[in-house]
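Labels run A, B, C and D following the written order; every chain starts at residue 1.
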Amino acid sequence: MNIPVDTILSLVLLSILFSFGSSRLPGLIKVLAFQGVIVSIVPLVIGHDLTTGGILFTLATLTIRGIVIPLCIYLAIKRVAIRREVEPIVGYHASLLAGLGLIVAAVVVSHRFEAPSSSASVLLLPTAIALLVAGMFLLMARRNAIAMVLGYIMMENGIYLVGTTFSVRALHIVEFGILLDVLAGVMIMAIILQNIKQTFDDVDTALLRTLKE
Amino acid sequence: MVEIVFLAPFVTGVIAFFVPRSLGRPLLVLTGALHLLLSILLWIRQPEPLFKAYFAVTPEGMLSLLVISLLFFLISIYTVAYLQESDIKAENIFTGSMLLFLSTMTMVTLSDHIMVMWIAIEATTLASAPLIYTHRTGASLEATWKYVLICSVGIALALLGSVLITISMDVGQVDAPVSFSALTSVATQLDPLWLKAGFAFILVGYGTKMGLAPMHTWLPDAHSEAPSPASALLSGVLLNCAYLGIFKTNKIMQAAGLGDFSGMILMGFGLVSILAAGTFILKQTEYKRLLAYSSIENMGIIAFGTGVGGLGAYGAMLCLIHHSLIKSSLFLTSGNILLGYGSRLIDKTGNLVNLMPKTFVAFFSGFAAISGLPPFGIFIGELFVVMGAFKAGHYAGATVLVVSLCVIFAGFANQAMKISFNSSEAAISLKERASLVLPQYVLLATSLILCFWIPDTLYRTIMNAVTSVTGGF
Amino acid sequence: MNSFTLSMVLICCGGLAALFLWRQFLLMKAVAVGFIGIGCAVGLTDALTKLLHQGSYAVSLKYLNLFSLSFQIDGLSAFFLVSIFLVSLLAAVYSFHYLNDSQKALRTAVSYLFFALLIASMALVVTAANLITFMLAWEIMSLSSFFLVIYDYESADNRKAGYLYFVFSHVGAMFILAAFGIFYGNTGSFMFADGNTMPDSAKLTILILTFIGFGSKAGVFPFHVWLPHAHPAAPSHISAVMSGVMIKTGIYGIVRLYASLGLHTPLFGEIVLVAGMISGILGVVYALGQHDIKRLLAYHSVENIGIILIGIGIGMLGVSFGNPIMAVLGFAGGLLHVLNHSIFKSLLFMGAGVVIQKTGTRTIDMLGGLLKNMKITGITFLVGSLAISGLPPFNGFVSEFFIYLGGFRGAALDRTAFVLSIMAIVSLAIIGGLALACFTKVVGVVFQGEPRRPDVTAGDEKGPAMLLPMLVLAGLCFIIGVFPRMFIYLALNAIPVSGLGYGRIPMEPFMQITANITLAATVFFVILAGVVALRLVFYKDKTIGSAGTWGCGFTQPTPKMQYTGTSYAASILEFFRPAAPLEEDHPAISGRFPIKTHYHSHVHDIAERHMVHVVVNPVLWLFDRLRWIQHGDIHLYIGYILLAIVVLLFFI
Amino acid sequence: MIKSLMFWVLAIFLAPFFSALILKVKAFFGGKKGPPLLINYYTLVKLFKKGSVYSTSTTFVFKLGPMVSLSSAVTVLLFLPLAGQAPVFSFNGDLLFILYLLGLGRFFTIAAAMDTASPFEGMGAAREAYFPIICEATLFMILILFYVLTGELRLAAYFTGSQPFGLWQMAGSPMLFVVIALFIILLAENSRVPVDDPATHLELTMIHEVMVLDHSGPDFGFIELGSFCKLFFYASIIAQLIMPFESGYLALNLCLFTAGLVVVYLAVGIMESVMARYRMDRVPKFLLTSFALAFFATVITLEFIK
């Protein structure tokens, strides 16, 4: 039992619930930023490879995940003055219940896999899975395009959690490439968001249902 | 010095963003030619890469690379003519993204490190997104949005899958570079549970990109909204790149003795894709979407063949090559039709045989080729896939395959005949310049020749690629 | 280069040359016809020699570094080659004057290209010795014939016909492909020759699957739906080739598979026999109901395929019940009927082509009295009709005679064979009678009596290139009918390879049969000559008057009052109504001053009806139900991805 | 051989005589004196003396019809054994040839009828094309029976040789059905009452007679002679079935045979006198009964044999 890690991870789980509950975009973004920061410091706390390179990389991650990405999305909102609701398909209370449910489910599922470095923490794998599924949940349950992008970011956080902490042999250059990819992805999504806003002067994806069959 | 092959188009691509169209178009063609030259050199010399940890020259990679550069060269020639006919705002972005797209795809074919492969494939998504949004319409925007989001989500899962595979190394206490080649050699020591999980995620992830149902949903929108040269690239090459990732992972599974598991899953997804394609081909109203769904169908056949293994895998490889050649030619042809009739609806077209005879030849032989009729290569590919399936004893699967092939043919033939022979009042302004039809002819001719004679080196390369998944014919 | 390859090369050259020369219409036609004709002639002589001096000739090319395209000409192949090259040769000659619309020069050139491809691929189909080669040739054959069917794509009917044909041939090919897959899966070899090394269950499955596949090409009921649409659509010389020989490749496939698998269970023979009877009878019944002369002929192809299958089925039963003579009689009859049908059916289609070209209509009931201006066409058509009705002294009778003899042999066997043989014999008799009725209708309505429409008459029958082939074919009908010895010999040479395991067949008894036929025919001719002489004597210096037909007291007869083909066939169709539902559109006359009324009748093909109701609609319905999965909502799409993952995780 | 040829000639010449019997019987039933027994010869001679008038609609087929039908009928007689005497020609399967040769004759009769462009003749032609289909089926059924019994497909084999009675021995009572079936066919094929009434005067109701309306002179003579021969052919088959006796002596056989013939012709005559013609749409049912009889006979017998 590794107190600091588990406290941090439980914070992450909490952030999931917050994100499900929050009805306003700025709040959601703040939650995501917070989540990004925590997720990126986990490796340090678990504390394998405390090399300079590792630390540098962690800082880079922290800046990108915790600051750059949320910031650029926040700016995107500012720029195009989008209405601030996340326009839920599934209501907030239902979402919260679903969040609790999927956390439990994640714990159950994680028991099927015996994690190699479960020495690090028992909560690690469940949290990762929970983040992943929660991200997809946001993607499915929010009509607002920006909320969907945020869901995608949450997924990425989950994967990052799995990656950096489980696999020992992470080459930083490679991970950095991944990070850049994610960043570029979010950038492009932000651009598309602005275009959507200009074209439909709304980011409600209900408008994006013309192409079918 | 392998890396130059994808660095060169990267550089020119970046340049292309900042040059006027007068320079951009020749740059496109020149890069295409240069790339073709480089990859042929690569084929002959088989040099060592600089960063061995990340890149390697594998037979399957070489195959895809050759196909890519041939296609891109021809498509670039067509593109120039196409751009003259149609007006595209911000053409430099289009050209630049084409080149970047090329470079990222080349990177996919050469990458050997799992993560690098992932980076490259994600990069292809980002590079091709602007291509789909070229027309700046609401529909194209929607298509782009779906493309980027769905593919990103899918590929995120692929990333997770790659991570899981590295975990399987940790669990199995294997110490080897995280590259496909290395993993294949030590596959037996990997922990099967995590490996399976990894394969599952990678299949779904790259499968999203490859257009396997039910993750195919972005494909028809993107292909129909993108300008035809881009669609040709997407359908002819991008799907192969995604398939490459699955293929290599499947190699690991085979080596790890989990071939049955992966084969079953591949066959399942293959059949589902074929059925899904059939569903929408039957009553399709737009010809570009029709072609897109037919790509899904062919990807399904390829996945099925790979899952079958043996003769089936060989057939799948043939299908892969020929599908790239033929489908890209079909998309270029659809570009002509769009320029001629000015509508993507099948009902608005008709009497192609008289109005655009040259295009008709390309179109109808393309249709015959894609539906597996000789003398084009997909025929032999499908033949081998079916026979291999029966050889491997997958009677049920093969039956479903054959039946759905019948249905799809019925649907496709109906639409193709409407376009070609139905009476139409449309007035065609387009003049069929050589550069608007020759690329298609060359592609079809290549497929025709490859149906009867495969150069020995090519054959050996295919065999090397397949042998790992081959239980002997 | 052996002469077979030479003929292939010549034929293909003809096709390509046409494409390059299309600007000079006449030259193009001459060159194409010349090359194709010479090629066919070379191939014909080659096949004949190979058939006469038995022995198999094999050649194999390397294919895709790993496989091989191998060809083999044994008795069976040679026999089919004979009819293929013969008919194609004459059809090529015929086409020279038939395709005379210089407005469509390019289209004509293209049609010559595909015509050449069709001939070549047919020849390759019957010589293919392994699965890959066979599929390759088979598909090329379907594709090229498809292009020939939609030669006149301007009319929607022809487009529909082409589509039907395209789909049917592809689906059939898929059945064959599946069967070949099982073949390869069980033997691990692509060669037909290795067929007998697999379990009987697999063999039976293969035989049945291929029977469906080949049957859909040959036009076996109920897979014949495409045939009556496609054959009228194509130009007549193409119809002649398609109906005369192309559909026979299906028969070849059945026999070849039977031979290579060597599975002698009675079941398959029974299936073939029953299928033969059904297509035979229904084919001719539907033919009776047709108003379009080419559709009528097309349905007769279904009927004759039925007769051929009856013959082959009797042969198969003979094999499986260990009765060599019955087997040989059945196979010989069936194979000879393949040749005969290819001769008289192409003759009839050519005749119909001349009629259509000169009168501009295909509707039987609009024609009449053509014999007066079209002597040669009329006489040759009459000969063809007699032959297809199986009447002596023409060739149709010979093959049916052999089949009958085989059938009677079977009637002497025990239960199943006995019952089936009885059915076979009786259905053959019925088919013969119906065919006679049908062709008396065609000859009587089209060529005899008075023109039913003043505007639809034939001025002349110019075009020697069209008349010559018909004369040749008519001559062949007669020669085979009177002197069948040679041709039975050919058929017997084709049999031994069909896996009967009898080795060399003693010729003498069968030659005796042919001698009898010759004898009977000669006797008949002697007596006919006597009667003719008698007639001459009686009419010696007598007054020969001439007047209008006696109207039985009716004073104002008009040509419109003649008996039409529809009414001619009505009573017979009434007898078969359950199998051939008749739909009539005839508003009753009412009121004091009745308006002009009309009568349209259409005989429905139950196979076509049920194909739509049982196969097509359910499939469409099923797939329509599934279309919602792609309904444009991205949230759902992401749901699919999650779903896929979850489902997969269960398999881990 | 020579004897057989003589028999053949005899048959041709006697055929008209027997047909006259029918007329006599009808006259008798009608309480009339009736025409002389040689009436048919007078008619033929008269016809052969005349010239002809041809319709302008007709072609050479019209002239060909009578000749072909006559020669087919005459040729058929060549294969027919008479009074236990071997026929001129006989080979395995000659019965098939015979049936199809009669078919040839029918084809040309129909063609000649269609040649005249007369609606009535077309009507007759349609019927002539329709009814024999069922008759052929019946005949082939009977043929199967005979073949399985004797193992022979030669007409001669059934009625000549030491055992003409063989059929009855082997088949027994079912042979009665065969005889009846054959009789029905005789009526249909030779267009007698109740299938067709040669004496009627309403063209709408005719089959054979209406088809030859336009023929005149020697052509018509040929047709008449041909139909006499045809009738004679069927009649003699039935006659040899009902009189299956083979005494060693030719004269005796001849008498028996003639007696049989007379019986058959009388039966036809009586039939014509006591029955009315069926409505056209009833005829197929009538013919189907013959088929049923033959089928029944065949199956029964073969079941007993096997």
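Throughout what follows, contacts are C-beta pairs under 8 Å (C-beta built on N, C-alpha and C of every residue); 3 or more make two chains touch, one makes a residue touch a chain.
Owing to the predicted nature of the structure, the values given are computational and were not obtained by experimental measurement.
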item	value
Of A-C and C-D, whichever chain pair has more C-beta contact pairs	C-D
Chain centre separation (subunit A, subunit C; CA means) in Å	70
Averaged-CA centre spacing for the pair subunit D and subunit C, given as whole angstrom	36
Subunit A and subunit B: spacing of chain centres that average the CA atoms, whole Å	31
Whole-Å gap separating subunit B and subunit D, where each centre is the average of the chain's CA atoms	78
Multi-chain contact sites of subunit B, meaning residues that touch two or more partners	145-146, 149, 153, 193, 197, 220, 280
Residues of subunit C touching at least two other chains	627, 630, 634, 638, 641, 649
Multi-partner residues of subunit D (each touching 2 or more other chains)	none
Chains that touch, pairwise	A-B, A-C, B-C, C-D
Complex contacts: residues of subunit D adjacent to subunit C	48, 50-59, 61, 67-68, 70-72, 74-75, 78, 89, 91-94, 96-97, 100-101, 103-104, 106-107, 110-111, 113-123, 125-127, 129-130, 132-134, 136-137, 139-141, 143-144, 147-148, 151, 153, 203, 213-214, 217-219, 221-222, 280-281, 284, 298, 302, 306
Sites on subunit B touched by subunit A in the complex	53-54, 113, 115-116, 118-119, 122-123, 125-126, 129, 133, 138-139, 141-146, 148-149, 152-153, 156, 159-160, 163-164, 166-167, 169-171, 178, 193-194, 197, 220-221, 224-225, 280, 284, 289
Residues on subunit B engaged by subunit C in the complex (per definition of touch)	145-146, 149-150, 153-154, 157, 193, 196-197, 200-201, 203-204, 207-208, 214-215, 217-218, 220, 261, 264-265, 276, 278-280, 282-283, 353, 368, 371, 373-375, 379-380, 383, 386-387, 389-393, 398-399, 402-403, 405-407, 409-410, 413-414, 417, 421-423, 452-454, 456, 459, 473
Contacting residues of subunit C [partner subunit D, same complex]	368-369, 371-372, 378, 382, 386, 389-392, 397, 401, 404-405, 408, 411-412, 414, 418, 422, 425-426, 428-430, 432-434, 436-437, 439-441, 443-445, 448-450, 513, 516-517, 519-520, 523-524, 527-528, 530-532, 535, 538-539, 542-552, 557, 559, 561-563, 567-572, 575
Residues of subunit C that touch subunit B when the two form their complex	63-66, 131-132, 135-136, 139-140, 142-143, 150, 153-154, 159, 162-163, 166-167, 170-171, 174-175, 177-178, 180-182, 184-185, 188, 619-620, 623-624, 626-627, 629-630, 634, 637-638, 640-641, 643-645, 648-649, 651-652
